[in-house]
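Input: structures, listed below.
Shared between the two complexes below is subunit A, which pairs with subunit B and subunit C, respectively.
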Partner chain A sequence: MNLQNESWYQIALWFRQVSVMILKEFPQLVRDRAVFAYILYIFTLDIIIASGATLELKNAKVIINDGDRSHISRELIYRFRAPYFDVVDVDMHPDAALRSLDHGDATLFLDIPANFNETLQRGQEPAVIQMLVDTSIANLGYLAASYGTQISSELGAEWVGQHLSAAGASVGSLPQINNQRRIRFNPDINESWFSSISELLAVITVACIFLPSIAMVREKERGTFEQLMVSPLTPFQIMFSKIVAMMIVMLIGSALSLFVILEFLFDVPLRGSLPLFFALTALYAFATAGLGMLAATFARNSGQLGMLLMLIVFPIIMLSGLWVQPESMPIWLQQIINLTPLRYFIDIAYGILLRGAGIDVLWDSAVKMAGIGVILFTFALWRFQQQFK
Partner chain B sequence: MGQASLVSDSSRHSIVEVSEFRKSYRKQLAVDGVNIAVRRGELYGLLGPDGAGKSSLMKAIAGVMTFDSGNIDVFGTRLNSEAASETIKDLIGFMPQGLGLNLYPDLSVEENINFFARLRLVDEQELLERKQRLLAMTRLEKFRQRPMKQLSGGMKQKLGLICTLIHQPKLLILDEPTTGVDPVSRRDFWTILATLLHEQQITALVTTAYMDEASRFHHVSLMYAGQILAEGKPDQICAMIPGTTLMVQTDEQAKAIQLLRQHFSQVQPDGKWIRLFVDDMDADTAIDRVRTLLSALKLEAVQKVDTELEDAFVGLLKRQALATVKDDAKVESADLNFAELIARNSDFVAIETCELTKDFGEFRAVDSVSLRVQEGKIFGLLGANGAGKTTVIKILTGIMPPTKGSGSIAGADIARLGPSIKQRIGYMSQQFSLYMDLTVIENIMLYAGIYGLRAKEARERCHWIGEMAGLSGDIRERTSNLPVGMRQRLALGCALVHRPRVLFLDEPTSGIDPVGRQHFWELLFELSRSEGVTILLTTHYMSEAEHCDHLGLMHAGKLVADASPEALKREVENEAGQLLEIAVSDADSAIQRLTEIGFKNSEMYGQHIHLMSKTPQQDAYRIREELNGLQVSSVRILDLSMDDVFVYKIRALERLADTGLKRMDR
Partner chain C sequence: MNLQRILVVAQKEAREILRDRIYFALAFLLPVVLMLVFGYGMTQEVQNVPIAIIDHDRSALSRDYAHRFIDSRYFEFKGYVNSVKSAELLLLDGKVRAVIVLPEYFQERLVSGLPVDIQTLLDGTFTFRLRTIDGYIQAINGAANAETQARYLVRRAGLSSSRAQTLLQPLQVQTRYLYNQELREIWSVAPALIMFILTLTSPLLMALSVVREKETGTIYNIYSSTITRGEYLAGKLLPNVVVSFINGMVLILLTVFYFGAPLKGDVVFFLVAMFIYVIWATSLGLLISVIVKTQIAAILITVILAMVLVMQFSGMMIPVSSMSDTNNMIAHSMAPMHFNNIVTQTFLKGGGLISSWRDLVTLIGFMFGFLALGYLLFHKQSKS
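Now for the complex of A and B:
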């Protein structure tokens, strides 16, 4: 009986020690204005700003030399429309136009020759127009070129159709493929849904790696760390309480951006179970925090830590599939990416938030993420104990 | 020759004149209406604790900081614009605070010197000559190629001095050049500075937090809380407070202190002795008064000692009511007699180490240290920077394991310090071990929680710490806003929150003002005497070493002396004799003459000459005879201070190492 009391007391003591260590982090965080403002920023403004940036073609500057000035050339020019294109000049001399491209003032130059309408009407040979595209920004150039081509070939097809019907034939008599699209999960292909969630995941990753490790290195810098080492706290308790404290901060931040920014501002439909989302986000925090803690055992001050974390955080965010599809990367890189917890958290987050998926679909991602997390955490704890030997 | 007499020539104009200087940082007033005048050739000292405003004043005089109001004239130029400051910068050498902070750690000694010389456009030929001379003088010649980061603290400061001197400035401004430097290097530093001043007619303005360095200056200003408390020659300041300093020895020390505190405000334990200042009384009346007051106790001895600057400083503060002095600095002094009995009769060994050794790579930081500390005793660990003191404490507290050897605390092996033994250890690291961004109460409650105190107990301890540290009113104050001395007491309080039986303190008092240090020592004394707490501490203040029951002197990782302060002093007295202080107007010729007649160890100490003598009475007589033509005004026999003991011991060891090396060379 007595023995049982004793072990209960030990457990109660363990929790009391951890809870004071967790609770002390909050006033410290709030009083550190720089860090507090940073956290507030990444969970709010940063997501708004990042979801404004899109991969679509928008307002690409177009300059045109309309040598023909016919109704058909005007029809073609008219089709280069907002929001994709912004026609700045329809009467630019080719030399001036080339200079403009050189200076990066325009993305696309369309040169319509003087006999365009005449050649088209005659129908003997193809009517030629020239499109010069600046592809120094590959993605944007590629889109501008293909949109431009699409516009001209649509116009061409319509012209053919008109000629056929004039000749008594109908377009319908020709073989055709009719492509009918049904878009799931994001019917308007609203890119801000995707980019705001993607940025939220990046921000959560940054917070999970940075916050606990910075809190740890601060203790080292200020010399309070030795005081903790001398106390009856175990290394596990010290590390655990840092991670839990910062996990709570991160969850509050995520809730803030989820409800205020994503749901309210961008109308993102939060389809799945939110408790499941937060639970798995907490699990993700543990899985990732080990990485930050590992860095904190190598760094002597926050400057060093900052540089180390850059090396860790950037590749993870760049490669894990937030910004690019992992499937488009070489196999060896994909295998490395499969070792990062973020790889699985992306599946989980999009699955819950946009597709409304439940744990029955996501359990394998969750298990893999937890497995990697346990390995990282154990390694970090081992390093943490080693650094004093 | 004859420059020494120039020093007392009052007709010369001032090199630096500061009037009504004021400087504030945001809303905090740092310096409030200070006037000082430094004359040519003077070694001028600004003394005061951290935060007194010394550095602000120094920076303003060096022309690197703006100020709110007042005037500063340097070499007759009024510093009222950046352009004006530029015109005098060639004449000034400024060394900012911090060990080697103005130097480049990765550059070698020589590269550092070259860099500063080229920055100042020193002619290459001249640079070569000056470098040679200064390196020889500072004995850094051997280390030319060594990167600065691998130098010891004292060597860094000497290199800093060379870099400050390389363009031959006429005014040297040195901000705490000796802080954190061990006593031997400190002495070296002062000797070099004195020689330079003497030879090159340089003027120097120097700050220090060590009160016992004051006698090295020609002129001293005592600063406290942005104001100048007193100024004058060091002995003049000591004489400003009328009264007598007494040392009392008795078996019932704690009781005697209690009795004396009822009548005198400056009473403090000093090892086995009690040091007290009796206001407005001459020596005989004061001794009589103390004897009557303590008539119920058995007195071993009551004697008058010289009033030191530290006594005077505390006295001045108390008189001006700038520092509130707590009369009730007692720590639950319930039954002193009983408690004293425990402390005295305890033979229990609280801390013990056996052949403790710690290697960092190639470097052996601690080399087979064996020591024993009995329960309830105060053990002082002394030594230069890098001697291994902090490492010993870190090993004992379980922060790092030893490479070899073993140790135990209260009988428990340090290799396996479990939570139960950690509950009995208190530790205060060199840096402030508090969370600056938490309030007083948050700090205390955090440590109470870590040590698993229950809520009721935690509140009690919190109350106790507030009382002890004298901060009951400021309990919701952010720790960073507290004055340094109070912060240190709070840190001690947090280290004591769980009533540890063994306390480790790593340089607990560096940078605190003398009043704060006195409070701090009173607390330690109470803890050890009335609660039987064992204390192991390190310190750079040799005056504090005398308060300890037992001292361990560390040098290059080894424990080279291990005895009580009295025993150490006796040992050095037997080996080298006593200290003679000679006041003479032509010091140069006097030292030359003294060396000729066999006093090889005579050296300048402020305006006086110090030397060691085994037969002080005869030698004093002989010196008077020999220096007959040189206007000797006094030859006095001085008691050895701990500082003297430390320097003597370390120098003897260094000589031994040198001859050892030479033998190996052959």
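Now for the complex of A and C:
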């Protein structure tokens, strides 16, 4: 009985110590105006800005030399329109057009020859249009070229439909494979759903790695680390309470952006279970905080820490699959990516928020994420303990 | 201005950079790592897309059609699935990104010249990826259609196959890609990254080196010494500009030799422009260091500023000509856009002084403007 009381006391003491450590972090954080302002910024304005940045072709300037001036050439020009294209000139000499492309004033130049309509009517040989595309921004150049080609082949197909019998091929209908698209989870291809969720996950990652490690290095910088070393707290308690405190901050920030920005501002349908999302986000905080803690054991001051963190955070965010799918990467890089917790958190977060998946589908990702997290955390704790010796 | 004093400060600064080994390593490592990471991370050729197929017809033609996807390097075939229900589960779990459903009578209808509807179920979560995947499917389907129809015309109307082609495609587009003929994404990304990374790291190094003195208190030695603020700032700027310029050269080498992007234009002109840009960026760091008190604040502000300037207003992601009027104006009143113009001109368009002198003059203006601003705002006494 006595023994049991004793162990209860120990446990209560443990929690008391940890909760005191956790609570002290909050006023400290609020008083650090730069870091506090940064947290507010990343969970609000940053996500709004990032979701405005689109990878889609928008408003690309088109210049045209309409040498034909027939109704069919005008019809073709008319189809180059918003939101992808913006025709600024339909009567531009090819030399001037090249200069304009050189200057970056236009993205696409269309050269319609004088006998365009005539060639089309005769039907002996194909009517050819020249299209010059500025591909100095490759992905946008590619999109401009493929949309341009699509526009003209649609026009061509309509022409075929109207003129096939006239051309002497009386076959009635032609075989045709029609592709009926069904887009799941985001049927209107709303880009801001994707970019706001991806940016939120990036921001969560930054917060999970940055906040606890800066809190730790601050203790070193100010010399309060020595106090911690002589306190009755174990290294695990110190690390654990820092991570829990910053995890709470991160969860509040996530809730703010999830409800105010994603749901209210961008109408992202939060389809899955939100308690599950927050629970797994908390798990992710633990899985990934070890990285920051590890960096904190190497850095002596916050300047060094900041640069070390950039070396860690930028690769994780850029390569783990928030913007680019890992399967397109070289195999060696994929294997490294498979070791980052974010790789699995992406599946989890998109699964819950957009696809409405439950734990029955996502458990394997959660297990992998937790496994990697335990390894990182243990390693960081080991490094951390070394400092006490 | 006493040259001797400037050199003393510069020497002290250089020694500080050399002695702090972590800092020294990071000052040169960070740009390289960022270059590699963003170089791989922003070149987004979508490949090996996991795909599943449901074939209700199981005929020769439907198998042929399926193989257009199975054999494509853009897709990675995960297997035939029996029902739409299990296909939907695969999509839900993120195991495949697209499912193609071929209906019954696929072959029968095509052979008798009738249209047939196939279905593609697509995972819409990653919209950019989705558009690309959809584009691949459209292209493969378009090619299949063209072949099927041409064969049909040859068989039914007895036309020659070239005549059938012309009939089916009366309108042809000849596309020429300018400046990046093979559409290599890395060709456009890597040179622009030089601009991006210098915009991030040069101010960072400068801001940190001033704020570190504030934080450790050694700056009070400067406040109380006879050195003038101009001498102190010049001595501070000099080594940081040198470090950033060396970083810039390393980035050029990586761009050309590691990523294989061309440097078509005038190299000397580019180095001059880069030198001016680095001085501008370093004075931006000086301005940041005037505002903030802690190193961490300096880092946070620099990162946010660089990201917004580059991603929104430099023309790296969005062409300046496609921006809204307001953004266009903002972009023009910021130095990164002008340097990005020079980068695109010299690397991809083969330009030099003749094509880019306006941007260079603007950059020089920015450089002097920011140097003057830094000089005016930096005071030799602490405000409290």
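We adopt the following convention: the second predicted complex is superposed on the first by the 379 of 389 C-alpha atoms of A that agree within 3 Å, B and C clash if a C-alpha of one lies under 4 Å from a C-alpha of the other, contacts with A are read in each partner's own complex, and residues count from 1 in each chain.
By definition in this document, contacts are C-beta pairs under 8 Å (C-beta built on N, C-alpha and C of every residue); 3 or more make two chains touch, one makes a residue touch a chain.
Remember, predicted model here, so these are calculated numbers, not experimental data.
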So in the superposed three-chain picture, is A:A82 touching just subunit B, just subunit C, both, or none of them (first/second/both/neither)? neither
Looking at A:I331 after the superposition, I want to know if it touches subunit B, subunit C, both of them or none. Which is it: first, second, both, neither? neither
Mind working out whether A:V35 is in touch with subunit B, subunit C, both or neither, as first, second, both or neither? second
Residues of subunit A touched: more by subunit B or subunit C? C
Footprint overlap on subunit A, comparing subunit B with subunit C: none
For the subunit B and subunit A complex, residues of the former touching the latter: 394, 397-401, 419-420, 422-423, 425, 427, 429-438, 442, 445-447, 449-452, 478
Contact set on subunit A toward subunit B in their complex: 13, 16-17, 19-21, 24, 27-28, 31-32, 222-224, 226-233, 388-389
Give every residue of subunit A touching subunit C within the complex, in rising order. 34-35, 38, 41, 46, 49-50, 52-56, 58-61, 86, 101-102, 104-107, 120, 123-142, 145-146, 148-150, 152-153, 155-156, 159-160, 163-164, 167, 169-187, 189-191, 193-195, 214, 298-308, 310-311, 314-315, 318-319, 323-325, 327-329, 333, 347, 350-351, 354-357, 361
Per the contact definition, I'd like the list of subunit C residues that touch subunit A in the complex. 20, 22-23, 26-27, 29-30, 33-34, 37-38, 40-42, 44-50, 65, 76, 88-89, 91-94, 97, 109-131, 134-135, 137-138, 141-142, 144-145, 148-149, 152-153, 156-157, 159, 166-181, 183-185, 187-189, 204, 208, 211-212, 215, 292, 294-301, 303-304, 308, 311-312, 315-322, 341, 344, 348-349, 351, 355
